[in-house]
Amino acid sequence: MSMYFVVFLYVFLVGASLAASLINDILSSVIALSIFGVLLSTAFAIMQAPDVALTQAVINSGIITAVFLAAYSQTEKPGCYGEEPDE
Amino acid sequence: MLMLGYSSAVVIFCTGLYTIMARRNLFKTVIGLSLMEASVLLVIVTSGFIPGGVPPIAPFRGVAVNPLPHAFTLTAIVIGASDIALALAFIVKLNKHYGTADIDKIRGLRG
Amino acid sequence: MSLVLAVVTPLLCAFLIPVFHLVWKTLPVCLVGVMGLASLAASLAAACTGWVSPAASLLGGWPPDLGIVLVADRLAAPFMLLTSMGVATSLVCSLEKYGGGPWRYYAIFFLLAASMNGILLTADLFNLFVFYEIFSVAAYLLVASSMSWQAMEAGLKYLVLGTMGALFFLLGTAFIFMATGILNMALLPEALSVVPRETLTVISTCLVLGLALKTGAFPVHFWLPDAHSSAQTPVSALLSGALVKVSVYALTRISCLFFLSNGGGVFRVITIMGVLSILGGHLMAFRQDDIKRLLAFSTVAQIGYILVGVGCASAAGIAAAVFHAINHMLMKMGLFITSGDICERVGTRSIRAIKDTAGVLPANVAIFTVFALAIVGVPPLNGFMSKWFIMLFSVTDTGLCPALAIAAGTIISAAYYYGVVSALVGSVVRRNTGSPGNNDLDSPTVSASSVITGTFAVLCLLAGLAALWPPMQSSFLSIGETAVDIEGYARLVLGK
Amino acid sequence: MNIRLALSRLASMILCLSFGMLLFQGIAALDMDNRVTGAAAHYLSNAPAETGANNIVSAILFDYRAFDTLGESTVIFTAVCGIAMLFPRKQILHSARGLSFITRRGIGFVAPFILMYAAAIILTGHLSPGGGFQGGTVLATFTVLMCVVYGSGFESTHLPPWKKDLLESAGALLFAGVGLFGLIVGTGFLSNLSAGFPSGAPGTLFSAGSIPFLNIAVALKVGAGLSTIFYCMINIVEDRRGS
């Protein structure tokens, strides 16, 4: 486990958090948050916390993202859901 | 490595706080809460890490990392997840009424 | 009798309710009543244990430094009495109002009762956080349980600010763990004394900010008026009467244990927050026309009085604060329940509109007036006594400024409560002199909630008189002595 | 208006930065020499003998600090109860709209393995990383996957809400029952080996006393709860599309 990898990981972590915060499009920032969750669980795994990493990956990137998307899909106008976005 | 973890946690905490205070969209607020929570988790896990340690699963060779923060973090993750799910449920309900998630357009949430 | 029953009994009730729902689509009222009685009995037993012979009970059979310990002492016991009375009252009102229909509401209600007992009993910082989260989640949901849009908004606002408070609290806990490696509240006062100054500042900032957010003290009070005014009557009464006091307990316990001997300007900050809450709460209440919103802002101000008492950092000041917490429970629950009853009868919550209508029951108005007099602070009643004591002790401990704020606040509150009472009395007079159309409202119904509010009104008078009785004063002083006695707490928890 | 927005952003940025500086100073004042001290050291050296669990995090979660875990799963219980209260479901829509036939078949082959994975995580929680929370969440994610593939009709035919309520309550009551057993025996609420739960041979599947039971209880609670949350939120989407 080289130090470069760890530094890279943390830089990406902070970058993903900034992206989740600053991007104006909600869907993109939800995806950024999901990426952030995965990176965080990698960081936990590096810090020798396998239990925490597993939970973080499964809960934050699985269920919470699903619930986020379920909630977000309802802020669209009624007709938009399920249609192709290119109209 | 410890300092790195702590510093990024502080940056992420402040990012989350800023998101809650400055952004005017309810989804952004929830994202901010999620970021703040994640940073606290990072602080807790980092505080138990020992460079060169092994995971706390017996039988271990060498020095194991501190298992107590892991237990706390597990608890905090689940609690945070239920908070966020609840916040999203409220947003869905409000959105049905107002048709928007913009804080400025929802009467009671201004200020 | 193990203290854990006080937490587990309501918890079991909450877990059983979904099972019962499969049998009865509408829960039988007596079943909910029996469950309420069981949890009330468990809480009162724990409170008695704490008052008569303070005790600790170990969980899982582990020694106190390995596992989690529950402790009931003389600071927790009065709060426990207060919250269990508040919960019982609110449960009776809810049962009277909704019957056994909303079973999820009752499940959340019992979870709330369990978590309040957990917060009051636990001696572990992280366990406190966990119970605080159950407490908060249940409170957000109870606020939103009326399903109106205002309630949803208030619930979301409460949720965002409350979760922020929880995260600040968790960050403070994480810093404590980083600095000392322990979370047992009895071992921490000693361990914190060697922590560097800067870290201690961070810890105190995070813990006090988090708890203040949850309490609803003035600079961070935004959620409180909305949440307390848009919930249904029994829930508002419970929120103002009992929930806020639990946060005050946590603030008192933590600041006394961790920061009394280790310095840091925590108590000064609490005093400042208290003064700001008194002035801000009363001034905002003065501008309200909605009666429930007025009462909610008045709650902010009353929290201010309690915080000023806690900010004295002396046994006497904390004892006076606890006395005021109990009095405020009696008065504010009574005010919310009677005003809710009146508003329902009249069909409006605006004070100006009440003035123009008739149809308010004289008995309700009489009881409301007693509570209003008590909360303003008219001498023989309890509100005067506790405010007087807080003023007295704050002059000796923290200077003249809080006392002046208390005096000013009393004058403002007299002004706005006079407005409410005169509107209500005017409405009664109007009814008796004319408006023959409203005679159908005359039927005097004795409801359980009016019996309870009547009892509370009598208790207000009795508590005011009891405060003059020296043995009562000395036993109240022992509450404050327990709060500041750090070694005693450590002895109790560690069993040495 | 725009200036006001910019000003408020600037103010909150300054506030956040100063709070960050405060936090950073607090961290910098500490020495960065992490050691395992106090209770944690005791857990590391004695947990396998005292609780029978090889995974020390599990030993802490379900034995030393099991009361925390009870509280934590109660938070989920509360949130689920509340979300189900906020979204009352009078009738459940049968939307059979899912993905294509090939995907359904493919998922049909994968499904047993996902369930097996969840079961393995739950049942070996005391031996290896994982446990009730993770396994329960995998179960909940499985129902989400089923919803994506088969449409929400899957829920109404296989897992109606009352069944999930029952499962959740059963998990909660199992947890509380294990706790009360210790209280009745007289060794304290939620006590494990001292209450007479069989310790078994260390390192095998049937060991660690009550910890596997608590894992199952938590898995039921978490799995049913998170699945309820997801279906409560998703059914509204169906509502809107249908109308």
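In this document, chain identifiers A, B, C and D correspond to the written order of the chains, with residue numbering beginning at 1 in each.
Everything below uses one rule, namely that a contact is a pair of C-beta atoms (placed from the backbone, for glycine too) under 8 Å apart; a residue touches a chain by one contact, two chains touch by 3 or more.
These figures come from a predicted structure and were not determined experimentally.
K.L.:
Where are there more C-beta contacts: A-D or C-D?
P.N.:
Taking the two pairs in turn, the one with more contacts turns out to be C-D.
K.L.:
As a quick test, compute the distance in whole Å between the mean CA positions of chain A and chain D.
P.N.:
Spacing between the chain centres: roughly 19 Å.
K.L.:
Distance from the CA centroid of chain C to that of chain D, rounded to the nearest Å?
P.N.:
One centre to the other, that is 31 Å.
K.L.:
Quick one: chain A and chain C, Cα centre-to-centre, how many Å?
P.N.:
Each chain reduced to its C-alpha mean, chain A and chain C end up 39 Å apart.
K.L.:
Counting only Cα atoms for the centres, state how far chain A is from chain B in Å.
P.N.:
A distance of 12 Å separates the two centres.
K.L.:
Two or more other chains in contact with one residue: find those residues in chain D.
P.N.:
23, 27, 39-40, 43, 55, 57, 65, 68, 72, 75, 78-79, 82, 86, 129, 133, 226, 229, 233, 236
K.L.:
When you check chain C against every other chain, which residues touch at least two of them?
P.N.:
Within chain C, residues 126, 130, 133, 137, 140-141, 144, 171, 175, 178 contact more than one other chain.
K.L.:
Check each residue of chain B and list the ones that touch at least two other chains.
P.N.:
Touching at least two other chains: 11, 13, 15, 18, 47-49, 55-57, 64-65, 68-70, 74-75, 78-79, 81-83, 85-86, 88-93, 96.
K.L.:
Each pair of chains that touch: what are they?
P.N.:
In this structure, the chains touch in these pairs: A-B, A-D, B-C, B-D, C-D.
K.L.:
Flag every residue of chain C that touches chain B in the complex, lowest number first.
P.N.:
126, 130, 133, 137, 140-141, 144, 149-150, 152-157, 159-160, 163-164, 166-167, 170-171, 174-175, 177-178, 222, 226
K.L.:
Touching residues of chain B toward chain C in the complex: what are they?
P.N.:
On the chain B side, the touching residues are 13, 20, 26, 29, 33, 36-37, 40, 43-44, 47, 68-69, 72, 75-76, 79, 82-83, 86-87, 90-91, 93-94, 97, 106-109, 111.
K.L.:
Residue numbers of chain C touching chain D in their complex, please.
P.N.:
Per the stated touch rule, the residues are 2, 4-5, 8, 11-12, 14-16, 18-19, 21-22, 57-62, 65-68, 102, 104-105, 107-108, 111, 114-115, 118, 126-127, 130-131, 133-134, 137-138, 140-141, 144-145, 147, 171, 175, 178-179, 181-182, 196-199, 201-203, 205.
K.L.:
Going by the contact rule set out above, which residues of chain D touch chain C in the complex?
P.N.:
The touching residues are 22-23, 25-30, 37-40, 42-43, 63-68, 70-72, 74-75, 77-79, 81-82, 84-86, 162, 165-166, 168-169, 172-173, 176, 179-180, 182-183, 187-192, 194-195.
K.L.:
Going by the contact rule set out above, which residues of chain A touch chain B in the complex?
P.N.:
Touching chain B: residues 3, 6-7, 10, 13-14, 17-18, 20-21, 26, 29-30, 33, 36-37, 40, 43-44, 47-52, 55-56, 59-60, 63-64, 67-68, 70-72, 74-75 of chain A.
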